[in-house]
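Reviewing the structure listed below.
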Amino acid sequence: MSVSEATSPILETRGLRKAFGGHVVLEDVNLRFEPARLSAIIGPNGAGKTTCFNLLNGFLAPDRGRILFRGRDITPLAPEERARLGMCRSFQILNLFNDYTVLENVRVAVPAMRQRGSNLWTPAGAISEAEDKAARIIRLIGLAGREHVEAKYLSYGQRRLLEIGVTLAGEPEVLLLDEPTSGLGMRPMETLRDLVKRLSEDLTIVVIEHDMDFVLALSHHIAVLHRGMVIAEGPPEAIQNNAEVREAYLGRLKYARATQ
Amino acid sequence: MKTKATSKEVTRRELLRGAAAIGVGVGFIGNWRWARAQAKKPILIGLTCDATGTFADSGQCDRRAMILAIEEFNAKGGVLGRPIEYKWEDTETDASVAVRKAQRLIERDKIDFMIGAISSAVAAPLSELAQRYGIIYFNSNSSADTVTNEKCQRVNFVWDCNTWQFANALGPLVSKTLGKKWFILTHDYVWGKNVTKDTREVMTKVGAQELGEILIPQGTRDFSAQLLRVRSMKPEVVIANVAGIEQTALREQAFEFGSDKDAHWVFPQQDYPDLFALDPKRRFGYFTTTWYHTLTDPGAQDFVQRFKKRWAGAPIEIPENVACNGYIAMREMLRAIERAGTTRNHEVIKALEGHVIKDNFRKYPSTIREWDHLVSNMIFLAKAKKPNEMKDKWDLMELIGDLPPEQIAPPKEISRCKMQSIAETPVYGG
Amino acid sequence: MLGMFALFLFLPALMPFLGGYTYLGTEIMIWAIFALGYNLLLGYTGLPAFGHGAFFGMASYYLAISQRDWTSGLWIPLLVGIVGTTICGAVVALFVARKRGIYFSLLTIAFGVMFWFLVFVFEPWTGGEDGVTGISRLSVGLPGLFEISLRDNLAFYYFVYAFFVVATILLWRIVNSPFGQVIQAIKQSETRARALGYNTVRYKWAVFTVSCAFAGLAGGLYVLARFGAFHEPMSLHQSGNVVLMCLIGGGFASFYGPVLGVAVFLMLRDLFSTLTDHWMLLYGLLFMGIILFMPEGILGLIKRIRQPAAFHDTQAAEAARTEQTVTSAPSNPKPGGSS
Amino acid sequence: MPGLAELVTQILNGFVLGLLYAIIALGFMLILGTMEVINFSHGLLFAWGGYLALTLQPYVGWWGALGLAPVGVGLLGLLMEFGVRRTYGRDPLFGLLFTFGAALALEELIRIFWGSRGYTITAPAFVAGPFRLGFLYYSKYRLLVVVLAILLLAFVWWFLEKTPYGAIIKAGAHDSEMVMALGINIGLMRNLVFGLGTAMAGIAGVVASPMWSLKPTVGAEALMPAFIIVVIGGIGSFWGAVAGGLLVGMASGLSNLVIPRGSILVMYLLMVVVLLWRPRGLMGQKSILEL
């Protein structure tokens, strides 16, 4: 991870546009994500957060505009290719390998494993490199001791953590988190918050999130989407005091909270 | 991987247990079937007849006749003082199934003789398999000429006339009475191509002229395209080398399009069931058959009565050509054992080769030719009866002529049969 | 695994008591190779291919034709069978690898039937209905194997046995290799696998091809067992059978499922067809019954009974997930939802 | 060389075939689209239509049979759905295998009830035999088939375009939110659609049997075209199925004369070509069925 060398923004979008059928979801979205910062994209329901996120990770292709990673145009790249460059995403709707144990889930995500994907002979467990890496990550996300429990038997909170663990295992330079806190109760929320905080110290993290408190507490930089456009950008406090945002977003936030 | 590992352990043990359980189940049945077979060392005959697939109904006619023959012998106290038992397997009109079933008959049930075939596709591999074991196999009803030519085997005897014979029987008559401008429909598989090959051979002999040919792929249901083509060619005679349900559908649609009036239709080989399936108004055309149940030659009507009595209520109550072949083949097998005085294959083969069958319910006797094991029968020429001419619902054909065996049996010169010597044939039975 | 090998080692001795016969044992092992290879696709990658019999049959023809027209040996034709089938598989895989679920099934079926028709189109080589007969096992190198008698079928049994052991070990290594891990991951969630940087299409292509290679081996042995190559194994019917075999045994639940499935299937069919003319009815009903009452197969069932607690947990976990997620509506086909 | 008259008749013929195929395919597609079940027994239900008609005809006449046999087949379908039901939401494989088993059983039942011999059904007298119209010389019955087919297609079109069920089928029934929104009892709907789909197979069976004659094996043979047409036309698209049907009908009809041996294969080649060109079929929208 050579974050320190990066001078320009590590990830950047230029004039993104996306429409489904006639309905324009994103219009001229320009975002810059600085290395080793936690940037959040927020906005009311239907503002286009998720679409924007999927454009970043490549699960959707933009109608117009470009996405630059380390100054290189990655717009045409497929999700797996971006992942190999070091852009790893998590899923809001949990997307784990349910029949796999915690260990297997993480291990299969480790690049060391990926590079041996064409190996038909060696037992997967025998690849110590992957094994160690996986063990480290499991300790990091605090699931040590549950390595051999199958994912489907974990509690929801633990699955959330594992979700992030799996994403981390990809050795990302940019970590894309899709509503990591959604559906979490109080205590798991705490653990998760601490985890993300620790990560944000040396990782570039882009997170789209509903939970205002979570965002304001952790992020260095916030972009507010409204009706498919960026209406405000800046450090948390600036956003908090931005009148337009209050009007456009915080008003709805109550609604959004209420529905959670 | 701990949990995984253990679960694999489990499944492995379970696998064994499961297998064992099945084993016991199958074992039970197995023993029961063995027990049933422990009579006074009966002669066990394997019947390989189709009950499913294209030739299902013909296969069953074949089987009924064989069973009748066996029962009649048992009524007379069996053969060599031994009762005769049979074990039937459904060969499903399918070569590879047939081979599996035959292997089982031979290996597990330890049959002494094997008999039964309609489809040449089944007959060829079966006779080959039989030769490997040395078990005598009667090919009761398949009519491709390969099994008496390049694919002939010492242990295999072929009881039906073959495509070459049918074609040669019809050719002269057709060209004389119906016309010399022929159009050919060929069922696009081995049997069909053989018939067409033979048909062409005959055409040159009788000086008929071929206006064209259309291949009919198997599984063709709609013949309108072909029928319209035939109409546009205006032939005098249509030679339809088409079998099975395709033949039924072809007739059906020929009637629908009025093509049955366009030309004289000739079906060199006519399976009784395929004609029977049709609405009487839609039966038309000329064809050959090896036997017909209204014949009055010695024994014929008696046989018909016995068969009707035994199989009243069967889909086809009367014995047609397939049943007749099946019956005679079965009967001759048992007689040959009696003549040989043993079930040992070498002796029985000797007892069969060159034997002349006089009481074959026909005008002329049939001969088992020792050099290609073809049983040379006489052939009848027939045409479909109009509804008003039918005596009963079984009465479909009007015999319009017959040819003695020697006149239509393929001569030795053209035979491609190179048969193993008896010595080369592994000893089996006895 | 050793247990299974041992069982098959002594099977010929047991067969008579089971009302079976050596040849049946041989056939069980051949189909087992096929089914194990196929399960790589079905059970491990969750790709419901439904035309796989085509590759099994295809191999038979490659072997038979090459032995008849080119070299009368045994090893080279066998190799031709495997390689040829693998190549065809690879080509078909190019078409189907991008598809999933029903579309995948649709396509594999269509291709399967297409190959089946080709047998009749190329009838001059394949012999159409008659198939290619007159295959010899002669150069296996085992003396006295030329004239076929009971004893020699036994020898052939052990010839196949050797292949069976090797193939099983190979497949066992494959499913536990990194590659195996990945395909299982793809089965559980293809999107996730992609998000992790795996080119899932390429993996699906590869696994299809590999399973075809095993189909090729099995198909080759099958010719030798029957002294001939016939079209019937290529029919849709047979393709269906192999799927069922994997399912009965519990291919989704265990590596060994297919083997048990094959054994049960062939023995039952053997039994049915001796008991009644209408065995196909029984057989069809059996089919339906299994889908309805034990879709996870024998081993799966046992496994579930073995660990009921775990089973209930699953239910709980499922419930937890469905309340959290929007899209896991009951009728949403999830790859591997059935595992 | 075929003359103009022949060519025209051939095209007409391909058209008739195509319509018939389209009906079989649409019934198949209704079930596929709504239940995500590849109904392998569809062909056998087609055959059952014919056989039921065979039995009914003596009592109620051909028209009566045309009315009743499909109802019988439809009921058979409803019945089957109670089993198929348990496979919803599972791997598509299960529905497929279940119906596969059903197909085997149904075929054997035909053998048990009607035997494995062939039968033919006699069409009503007023359409028996050929008719002549200028240079056109053609079968009356087939014109009747055209009329019936078009009526049936019109009905299905109305069903797909003008009813909420249609909307769901086209969207793919997996979109449960939408179904909720429309406030429809999914269970009941599926049951009915399954019945309808199978009934269509039945109708096709009755209509086809006077031309194609009956044998236990006709079912299996009728299935494949339906299959390919759906792939060619694209799942969930009415016009796709019709177009696919006509395409296949024409192709196999005409190729009969040019390359007889390939005439069946031609369907498959058509399919491969279409798929290379348009992976989702001629008119298929992107559908969850692929995911």
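In this document, chain identifiers A, B, C and D correspond to the written order of the chains, with residue numbering beginning at 1 in each.
Here is the rule we use: a residue touches a chain if its C-beta (ideal position, glycine included) is under 8 Å from a C-beta of that chain, and two chains touch if they have at least 3 such contacts.
Note that the coordinates shown come from a computational prediction; the quantities given were computed from them, not determined experimentally.
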Neighbouring chains common to chain C and chain D, by label: B
Centroid comparison with chain A (C-alpha atoms), farthest chain: B
Chain A and chain D: spacing of chain centres that average the CA atoms, whole Å: 48
Euclidean distance of C-alpha centroids - chain B vs chain D, Å: 35
Whole-Å separation of chain centres (CA-atom averages), chain A against chain C: 41
Mean-CA-position distance for chain B and chain A (Å): 73
Numbers and ranges of chain B residues touching at least 2 other chains: 51-52, 188, 217
Overlap residues in chain C, where contacts from two or more other chains coincide: 120, 280, 326, 336
Sequence positions of chain D contacting 2 or more other chains: 111, 261, 264
Residues on chain D engaged by chain C in the complex (per definition of touch): 32, 36, 38, 40, 83, 86-94, 96-98, 100-109, 111-112, 173-174, 176-177, 186, 220, 224, 227-228, 230-231, 235, 261-262, 264-265, 268, 271-272, 275, 279, 288-291
Residues of chain C defined as touching chain D within the complex: 42, 46, 48, 50, 95, 98-103, 105-107, 109-110, 113-114, 117-118, 120-121, 236, 240, 243-244, 247, 278, 280-281, 283-288, 290-292, 295, 326, 329-333, 335-338
Chain A-facing residues of chain C, complex: 173-174, 176-182, 184-185, 188-189, 191-192, 194-200, 203, 206, 210, 310, 313-314, 317-318, 320-321, 324-327, 336, 339
Contact set on chain D toward chain B in their complex: 2-3, 5-6, 9-10, 13, 17, 111, 115-120, 122-123, 128-130, 137-139, 141-142, 208, 210-213, 215-218, 221, 253-254, 256-257, 260-261, 263-264
Interface residues, chain A side, partner chain C - complex: 57, 59, 78-81, 83-84, 88-89, 91, 93-100, 104, 107-109, 111, 113-114, 116-125, 127, 152-156, 166-167, 169-170, 183
